[in-house]
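In the two assemblies presented below, chain A is common to both, partnered first by chain B and then by chain C.
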Partner chain A sequence: MHKSHVREPRVHLVKRDGLPWWKAWLIRIVAVVLALIVCGIITLLVTGKNPISVYATMVDGCFGTARRTWNLFQNLAILLCISLAVTPAFRMRFWNTGAEGQVLMGCLATAACMILLGGRLSQGALFAVMIVTSIVTSAIWAVIPAIFRAKWNTNETLFTLMMNYIAIQIVSYFTYVWSVPKGSGQIGLINSATQAGWMPSIGGHDYLINIIIVAVLTVVIYIYLRNTKHGYEISVVGESQSTARYIGISVPKVIIRTLLLSGAICGIAGLLIVSGTDHTLTRSMVGGRGFTAIMVSWMAKFNPMSMVLTSFIIVFLQKGASEISTIYGLNSSFSDILTGIIIFFIIGCEFFINYRIRINAKGEKE
Partner chain B sequence: MADTPAIELQHITKSFGSTRANHDISLSVYHGEILSILGENGSGKTTLMNMIAGIYFPDHGRILIDGEEAIIRSPRDAYRYRIGMVHQHFKLVDVFTAVENIILGDNEESPRFNLKTAAAKVREISDQYGFELDPFKKIYDMSVSEKQTVEIIKTLFRGADILILDEPTAVLTPQEAEKLFAVLRRMRDAGKSVVIITHKLHEVLSLSDRVSVLRKGEYIGTVKTSEADESLLTEMMVGKKVTLNITRTEPKDPRERLKVQNLNCYAIDGVQVLKNVSFTAMSGEILGIAGIAGSGQRELLEAIAGLQRVKDGEIYYIHPNSGKIEDLTEKTTLQIREMGVRLSFVPEDRIGMGLVGNMSITDNMLLRSYRSGRGFFLRRKQPQQLADDIVEQLEVVTPDTRTPVRRLSGGNVQKILVGREIASSPTVLMAAYPVRGLDINSSYLIYDLLNEQKENGVAVIFVGEDLDVLLELCDRILVISSGEITGCVDARGATKEEIGMMMTQGGGEKRA
Partner chain C sequence: MWIAFLQRAVMQGIPLLYGSTGEIITERSGNLNLGIPGIMYVGGICGVIGAFFYESSAAVIRPLPAILIPLLCSLVGSLLMGLIYSFLTVTLRANQNVTGLALTTFGTGIGNFFGGSLIKIAKSDMPSITMTTTSNYFRTALPFAGKLGWFGQLFLSYSFLAYAAVIIAIIVSYFFRHTWTGLHLRAVGENPATADAAGINVNRYKYRATCIGSMIAGLGGLYYVMDYANGVWSNDGFGDRGWLAIALVIFALWRPNFSIFGSIIFGGLFIAYNYVSNIGMSTQELFKMAPYVVTVLVLIFVSVRNKKDSLGPAALGQSYFREER
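This part shows the complex of A and B:
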């Protein structure tokens, strides 16, 4: 046959179906290893250091001392808490990009209670008020876009995103109002003398209570999504709104209810940040974790238990990468570059979990 | 005609993931013939033709056009080999006119549009083969059969000599189908090759010269239509002898169960979808609803089920024991359930409305029952039992009840949906296109289930598309056209032509 003019496509993509779970995880592990190799090469080129010692630096930055280890788990707890908050909405295909602002409003509510009521109420009563106000404030902040979506079908992604900026401005305003000394725009440690409204330390560990609260919350959300009628309704609405209507679920009701829950958990995250960790209020204290949480939730396929692992990976990478830039005297952008590379690989590998690439070798006929 | 086939397929194989859609298929299409590709749903007909049309690329095997190997990587490549395909779901831009759609993407020769010459060429093609088409009519003003005409002319306009049509009659009335067949015969006589994908036997027999049969992705054989009959073709398709009879019993003690009076409904965009619809469904009978797809069948069933807003009119339900009359108008699905009205509904959109594709069989059983029982937590025990029962009794092919329903074949999905709806022992059962896309055995199983419900005294409402089946299965047939009831006939005496006429009446200005 005169085959000179015909060219078969060299590669084509084949969709995979039902890949065994261990194979999927193998692909993910390979992706992480490849990412670490690429990071090593780049670090080598930039700093001239041995990649192995670079990785040792990462581990050292995370687990080098007891303080670092506690720090790591503290960060993990907060990130996991915010990820738990966005997950019920995401399972409903409600793309809440406003966790940043919702958590910040929880921070504001907590700080307001500490500043205005600290010393006037007993520690127990103060905590009760803090818990209620932070949860309610964040829940209100989250339910506003939910109501608009449920009633008028507005786009929740833009709406929640814009509300972040409003929240930041509100917090900016109050950091000015409450600043110490007046007009400095800085609040500093709240109630540093009395420690009113500070989360108690358990057995001398400041962060242990945060970690315990988030651990319990993880189990609760896991059960809520899997084994309750509410969780089931969330799944049905997320999969198909017409099925939900068909069996008589009121979609607006589920949307509003779920966003109240999402917001409430954001409020708890705000409480843990202000009362359990930082004891202050700044406009940047959530630090983008409201967005990172989206990634944590996605990579875990919205499963709260898997989110423990994915949030660990993210926190480990961020801590490790920032240690590298500190030790080798690079600025913080370098750690961002490394984190970016690793996350690119982790997200990119999902493609290979869903598709297989076939390469038509020459003469590979029947 | 010449001995070189227009298309020759050699050992074509194509897999999607672990499913082998086509395995080692070899067949030929000659110039000046109509070839039917016959097979049940899921037998790989469309996949095979999509490889000729450049949608997919085969994993193995060769395609020869006029004896020379052809590599077809895109629909554009296919046109270069003078191959055109009319897909089951039309690919037209709604806000464009016919001629705009026809020249869309056809910029091979000149990069500039010339609508006038194009329209003239469209008219010329129409005259040659006997189409009726206004080149400047907008697509959204067209009936389904006009849209199909646009698709066919589009392929001819681009010079196709080989025309592939995927299930072309699925959306047509019997009269429209006859018109289409006349056109296709004229094309054959002009020397073109026509391939039609179908699963309807009578079409194969009345239209094609030869028929090639596929089963489960394998090539079974090709026969001359003149030497074939229904039972031979069925046997080739299914792999064993099947008796194609639906038993129809006389309705026992029919009583009024559901009364619809002067129902008017509007779609969200303000178009009236139901106009003064009135009818009565009786217990112990199957009431068929016939009509062209999209004539208001869906809205009618959804209005009864509480899913469609009703402008005015009434829907009454008469309780079987007490005779108490309940007004269902403007009630939500949940309210209807709480009133103790056992209304089951098998919607047209199985995965997407009736079932959740990503959920397991058990969790899909939960859809109807998850509210039962007090408290906050789900109880999966009973649904699990129900899932096991349905899988066993209806012979659902599945690895286990934890499998997501989207992984199952169409027939098995439908068994699960119908099984669940029947499990709540309904007094009214509505089923929209319950056998669409099902293989022959599954279809007959569904007919049997509906008949069983009828004999139990259920008022069954059956929306169907195959008039032969409607005439065999139902007791009475209601005909709907453009949202209006245009007739109600006794299925035991009516003819296909009679019903076909009623299907196109009413709303007159739209289809003359």
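This part shows the complex of A and C:
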């Protein structure tokens, strides 16, 4: 009567080879719906209002007036731009958590040009200088960790993370140096009289030029990653560094080149934030979007086109939740809670796309 | 002045020590939990919520429940955060960086939201969230500290949570080096496939390490509010300390006994600008970047030297799936 002690586990996971795209999207949509239900319940508990009217408030907060709609698209453009910046690096599994700092350095460079050169150069020349310096500054900030990663395999996640806070303190320093009035630590609107270095408005819309620039950039990055030799090399390095070496790709070169690109796009984001939107410089002006962008990019499976959708979801939630907080007199951090929940669901649902669960009917009964 | 400086440095360092000890346990199992800043917020606010309801409901506030209730609430809150992280990354094999960052967004959101709206939600008539009574119990120092001059001030003037932080760090350090469980845990973080083959339940180790790590880190938040901030919750008051705790993990080369000294150094660097004479506001801001610069230098130094022991667990940041080759 010897019984085998080998137990078969009840649940068995099998990796899927690839799900039809519509099934994958169905799973994702179910996840978002579930997340919205959970968010609705939490909102109900906190505000005591019925969830449908709460969601109506959110839609109103996003699209209620023309100004709100423009605001939404402006925020969408900036978040999308930063997400585009982190994407090429992620595709080669370089975990750049330093977009926050890289964008902030771009902001600093733009603001520096506006403050130091505003009024001394013609508007066209000033813009040329601003574009070049912001892109170069951010690219340098991004490439420092990349060089150490490429040469000595220094952990890039932690390195880029630390660079954020160094950047924040540098910006803090300059907000005191350039503060108006002296010593207040606040810069206020830069060149508010002359508007030197302010992005021009097109057809009376302040933010239209930001939106157009980011739209073009989205298409360019999409093509770059999909249809160019560089994009191909990035994918190979991400898939397997040994394969990359075997087929003659120089891995350090690809890492450094890609991070220069990432940094350059962060520079553009910084330019759009300072020159195209806020016209000032504060240490918190990127506002965590460097981190949110990582989630946006990841949820979109690093596909620039899908990122338009995922960044829309995040921006919608943030604008909507801040409307809820204003109306019900709650703290505006409510949006962070909702964002967190939605992301948990979207991250979690990827499991059901990648794995199949087989339940062994027999189990341990014998 | 030096004694006062060192004492402040230790008090600044304690939350970092809790955060880094928690994160070290977590990272030793191969989980890079970037949610620590959020978890520390949750640990802090849950303690505040517990104290808030106890202070506003109890007729007489007794010392023991006044300490135990916030402590328990804080532990439960951070345990839940640890469970969310473990469920997503271990069971559902989600990307650790993304999950951690989402957890930080979520946790800071919870902290600031309840910190800002607690009074309104609870329909309480308290003017602000100030847990002075609870805080006084938390801050009770050793009775004879005042009589022993500089020695008392430097070594005996802290509250029980501060000593607990040091003791926990020493215990964890011992646990890694001298127990089988500690050895198994390190094996999971170094090479989960080998550990699995040796009969170690990888997922169970990852879950336990992450949850225990979260609870320890959450205590850092509790210490900050109840002791350092005298029981006053202010939104974003905790600041970037969570990230500094993660930096401290690198600085201490993944060893909790090193992070005891590391935390004092970081605490000192964090407040050094107050003690340097004749510098302007702007230069102070440059001083504040010191802990991060030091961390970067350590990171570079250990990777260039390439001594395997000080680079952190080999499988850090990777999900483990048995059937993947």
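Brief remarks on what is shown
The definition used in the following text is that the second predicted complex is superposed on the first by the 338 of 366 C-alpha atoms of A that agree within 3 Å, B and C clash if a C-alpha of one lies under 4 Å from a C-alpha of the other, contacts with A are read in each partner's own complex, and residues count from 1 in each chain.
The rule we apply is simple: contacts are C-beta pairs under 8 Å (C-beta built on N, C-alpha and C of every residue); 3 or more make two chains touch, one makes a residue touch a chain.
Keep in mind the model is a prediction, meaning the values are calculated, not measured.
Of the two partner chains placed around the shared chain by superposition, chain B and chain C are both touched by A:Lys15.
Of the two partners chain B and chain C, it is C that touches the larger number of chain A residues. In the superposed model, A:Lys229 makes contact with chain B only, not with chain C. Of the two partner chains placed by the overlay, only chain B lies in contact with A:Ile247; chain C stays clear of it. By the touch criterion defined above, A:Gly183 lies against chain C but remains apart from chain B after alignment on the C-alpha atoms of chain A.
Of the two partner chains placed around the shared chain by superposition, chain C is the only one that A:Ser172 touches, whereas chain B remains out of contact.
In the superposition on chain A, A:Glu239 contacts chain B only, with no contact to chain C. Look at A:Asp278: by the touch rule set out above, it reaches neither chain B nor chain C. Shared interface residues of chain A, touching chain B in one complex and chain C in the other, are 14-15.
Interface residues of chain A, counted against chain C in their complex, comprise 13-15, 46, 95, 97, 148, 152-155, 157-159, 161-166, 169-170, 172-174, 176-177, 183, 185, 288, 291-292, 294-295, 298, 329-337, 339-341, 343-344, 347-348, 350-351, 354-355.
Listed in rising order, the residues of chain A touching chain B in the complex are 1, 3, 6-9, 12, 14-18, 227-232, 235-236, 239-240, 242-243, 245-248, 358, 365-366. Across the complex, chain B meets chain A through its residues 11, 15-19, 57, 59-61, 69-71, 73, 305-307, 332-334, 337, 345, 347, 349, 352-359, 363, 366-368, 370-371, 376-378, 407. By the touch criterion given at the top, residues 32, 34, 84, 87-88, 91-95, 97-99, 101-113, 115-117, 120-121, 235, 240, 243, 246-247, 250, 280-283, 285-286, 288-289, 292-293, 295-296, 299-300, 303-304, 306, 311-312, 316-317, 321, 323-324 of chain C touch chain A in their complex.
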